[in-house]
Amino acid sequence: MELGLVGLGKMGGNMRERIRRAGHTVVGYAHQRDVSDVHSLKELVDSLAAPRVVWLMVPAGEATQSTVDELAELLEPGDVVVDGGNSRWTDDEKHARELASKGIGFVDCGVSGGVWGLENGYALMYGGDAEHVARVQPIFDALKPEGEFGAVHAGKVGAGHFAKMVHNGIEYAMMQAFAEGWELLETVDSVTDVREVFRSWQEGTVIRSWLLDLSVRALDDDEHLEQLRGYAADSGEGRWTVEAAIDNAVPLPAITASLFARFGSRQDDSPQMKMIAALRNQFGGHAVESK
Amino acid sequence: MELGLVGLGKMGGNMRERIRRAGHTVVGYAHQRDVSDVHSLKELVDSLAAPRVVWLMVPAGEATQSTVDELAELLEPGDVVVDGGNSRWTDDEKHARELASKGIGFVDCGVSGGVWGLENGYALMYGGDAEHVARVQPIFDALKPEGEFGAVHAGKVGAGHFAKMVHNGIEYAMMQAFAEGWELLETVDSVTDVREVFRSWQEGTVIRSWLLDLSVRALDDDEHLEQLRGYAADSGEGRWTVEAAIDNAVPLPAITASLFARFGSRQDDSPQMKMIAALRNQFGGHAVESK
Amino acid sequence: MELGLVGLGKMGGNMRERIRRAGHTVVGYAHQRDVSDVHSLKELVDSLAAPRVVWLMVPAGEATQSTVDELAELLEPGDVVVDGGNSRWTDDEKHARELASKGIGFVDCGVSGGVWGLENGYALMYGGDAEHVARVQPIFDALKPEGEFGAVHAGKVGAGHFAKMVHNGIEYAMMQAFAEGWELLETVDSVTDVREVFRSWQEGTVIRSWLLDLSVRALDDDEHLEQLRGYAADSGEGRWTVEAAIDNAVPLPAITASLFARFGSRQDDSPQMKMIAALRNQFGGHAVESK
Amino acid sequence: MELGLVGLGKMGGNMRERIRRAGHTVVGYAHQRDVSDVHSLKELVDSLAAPRVVWLMVPAGEATQSTVDELAELLEPGDVVVDGGNSRWTDDEKHARELASKGIGFVDCGVSGGVWGLENGYALMYGGDAEHVARVQPIFDALKPEGEFGAVHAGKVGAGHFAKMVHNGIEYAMMQAFAEGWELLETVDSVTDVREVFRSWQEGTVIRSWLLDLSVRALDDDEHLEQLRGYAADSGEGRWTVEAAIDNAVPLPAITASLFARFGSRQDDSPQMKMIAALRNQFGGHAVESK
């Protein structure tokens, strides 16, 4: 089938390649002229036969919003827009309503796969009406991994991004689990080869997992991670997971601890620990470390 | 080779079977006469040719201590004792010293595998002197999974149990990660089939793992886990992990949160939350729920 | 001076009384006719001489929004609206803009004091332009405690509610601190009189505080809090504190733990702990507790 | 009465002064000759009339143990030893048994007060048999604050140190509560004077407390704590509180979070966050910050 693909960055570019390998026609559009197949959104729309499917792979927030706004003007009733970016689930219903008012369908799709997706396939979680999902199905089939898993129609509009967001929340806590365990092992004298312990865990253990495999790869590159700073960004989905939990009064202690650990990693000095130091000094005369 | 195996419970019994399948001779001893090959520790020792290897698979603490004490009297210089139970790493050095004073070697071995170990093999993490480990190696090879991973000489005496303990700490937080994510997904209306979301995650995602596979199995048995109470025991190793972290001033927020969630799950009513309710009532006149 | 006061619930009613005791004229309006001085917002506005000050003490969200909307129509340029309710700080700027477009001033004011405020005074944190704050100052002076503290112009519009929200976040963690300590003391055998320990802490300790005094009062009513359920509501401000922290990438581990403890206290059974139980059963054959 | 006091550091020295001001005779012994009243423990014991009371104010652990060992040899049946240091409660029973075998009584006493104790009095929590406590009562009366609170017979041997330890655990979380709130307020633009917000909270609020007063003092010294590093030591009692909670399966999320925050504050770079960075790089090609 034909697909319009807006956004050809690290993710979008590889996805175009994987979809083409599956035999579909992809017309890609991006601001960067050297990778773009067309020169404008309008040209992209014009180059596709109706009813069209246009997949967005642009940054969440304003960029996605403005693209949806433009497409609402350019597309026709019966077309379908897929938001494959990292939008907050709360944006999906807004986009779906805006497009529905023009007779255009909407599907949200969380995409996991990173740099490995081109070869191994992308895990897909999508939400929307069955008829709109069905229109996109050949593309989902092209993108997903080859096995029997890796793609799911998670529910209504928004469910795809919500499921992907929770996936990332779980990912935060799993990463934190390995990170905490690794630090503790590195700390004690009796364990003389932490990397080999991690390597051995790849079979027969309860914690065998892809993240464990990746941690072994990382330790093979740099056994004690001496080349790295303990600095971790966060992409927004961990924050949204905690916000969704708060909205629903669900306690998420491990995921939230993982998010806060990242926040802390980015502080050169911790204001709150200055206050702790100041209070200890006030009541106990404890020495403080001055700058 | 010949092995003496003390303790033939759920784990020990299956391990005897797996070692025998590999062609070794196992003399098993347990208090339960119907599963025991011999009637006493002395008979077990007498039935093995020196130099002997005796593997303990008995409960941590007093049971292991008293078995070590007895074996220290029964065994001869050159024999080796392996503690494959869930002993605290701090016990290992004590046991090693006690046995070394009689010329008996000691190896500690953390064993992971549960009910799946008989068929899939057990992950093994062991600590001790190279010469003692070498004596046990054929048994390690029989027990471990068939692939290239699953067994590691982690370091000095105590390192095996320490590594296994940290494995379990990581396991606590990974389980908590999936549990938190599952609860959040179950809470929202838009996601209409949480089980299928979990199922789909088994390929292409960052969080694919054996625990994810098991969660899908659990949901296949009981889609909303309605047959279960939210009650989780803890086996000691999670507690020791946190204690080891405290000893070493390592922050373990996610693992500790997971441990505390289990503690909380076992309280019919939470004393601390009674105090919260009482305080809210004191300062705000907030209604409290009486029993 | 004259004040219009909208909302005469537990807080509003006591505040009217305290302001009147200070010699000011208060025209109160509420839906409940028996406590209301006038029969409508319009009547309230008509009964005050311009320039007016109207203080809102109504529930946050829709009720406050609709009252602001009505007052925007009824009031005149030069009048000032004070929102003394528990509004989210993000609503304040919206309300301020809406009223400013009619020439009406706006001040947000966080109020702490609960059932003790009538006698002891209310702690006040307010935000807004200096000229608007100055108009309300006599009322602030009437409401605040008699000492030198208890009232602050915290900053711009929204700063009052923000400061009050953070106050409540701190309050959550302080309450949790006492609650955790109390539960631990109640658990051990060696401490034979926990209530007397708490009572003694009221002088000479680092933790002496009003919340400690209240906890002693609560224990005097019911030494082991046996009449209460461990069930704690949350009023929204704890949630907003965590959300504000997430927005600003500030780690708030203790405050968030306190919020999550409340969430957990309200669950009859914990879905996430069902998943933990299910997973333990899957990999270890651990017994689960069925319903 | 007469008291032997061993240990004349910051705490012990001030306590000698306060006890003397109350009219008692104190014979102090310390290694530092310039502050010591006698030259040896033996001389201290010889200088007191039987039955004696000897109060230890020496570092927990080995120093306390060796002093108890020496006193067990030097004292006579009917004498009483008070451990006023920061011993772990688990040491108390051991010390009590050792001394009881010689007919010597033992009382453990947690002391709070820091640099303020000399003038304001020390909060005291003590454990032991009533007859031994009674022997020390005049000294407790001299040390405690003047009001009706500040001293408690908490229970059996060990209960004093246990209660003091929990006091410190609560203190950790209260300090963390103020620290988190302060950081959040400092982060947002709308709140223009955080110090004045803190100052105002000293009356009428739910969180008014001595620690709040001290935070205002600290901010008066250095409004944004710019002279301090965010580095906080921990004295052992926070760790023991968490260990006691683990022993008793009591969840302590806020206190533990506070302890872990201190651990983290002392790391120049976080090993666990290096692993997070490494994993993000592995699966997502996310840029890492190299050293």
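All chains are identified by letter, namely A, B, C and D, in their written order; residue positions are counted from 1 within each chain.
Keep in mind that, in the parts below, contacts are C-beta pairs under 8 Å (C-beta built on N, C-alpha and C of every residue); 3 or more make two chains touch, one makes a residue touch a chain.
In this text the structure is predicted, and so the values were computed from the model without any measurement.
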Quiz item: Going by the stated contact rule, which chains contact subunit B and subunit D alike?
Solution: A, C
Quiz item: More contacting C-beta pairs: C-D or A-D?
Solution: C-D
Quiz item: Measuring from the mean C-alpha position of subunit A to the mean C-alpha position of subunit D, what distance in angstrom results?
Solution: 47
Quiz prompt | Rounded Å distance, subunit A centre to subunit C centre (Cα mean) | solution = 37
Quiz item: Cα centroid separation between subunit C and subunit D, in whole Å?
Solution: 33
Quiz item: Could you say which residues in subunit A touch two or more other chains, in rising order?
Solution: 114, 176, 178, 180, 183, 187, 206, 210-211, 250-253, 257, 260-261, 264, 272, 283
Practice problem: Chain touch graph shape: choose line, ring, star, complete or other and state it. | Solution: complete
Quiz item: What part of subunit A is in contact with subunit B in the complex they form?
Solution: 89, 112-114, 117, 120-125, 127, 144-145, 147-159, 162-163, 166-174, 176-178, 180-181, 183-185, 187-193, 196-197, 199-212, 241, 244-245, 248, 250-255, 257-258, 260-261
Quiz item: Which part of subunit D faces subunit B closely enough to touch in the complex?
Solution: 206, 234, 239, 242-243, 246, 249-253, 256-257, 259-261, 263-264, 266, 272, 283
Quiz item: Which of the residues in subunit A end up touching subunit D in this complex?
Solution: 10, 114-116, 175-176, 178-180, 182-183, 186-187, 210-211, 214-215, 217-219, 221-222, 225-233, 253, 261-262, 264-265, 267, 269-286, 288-291
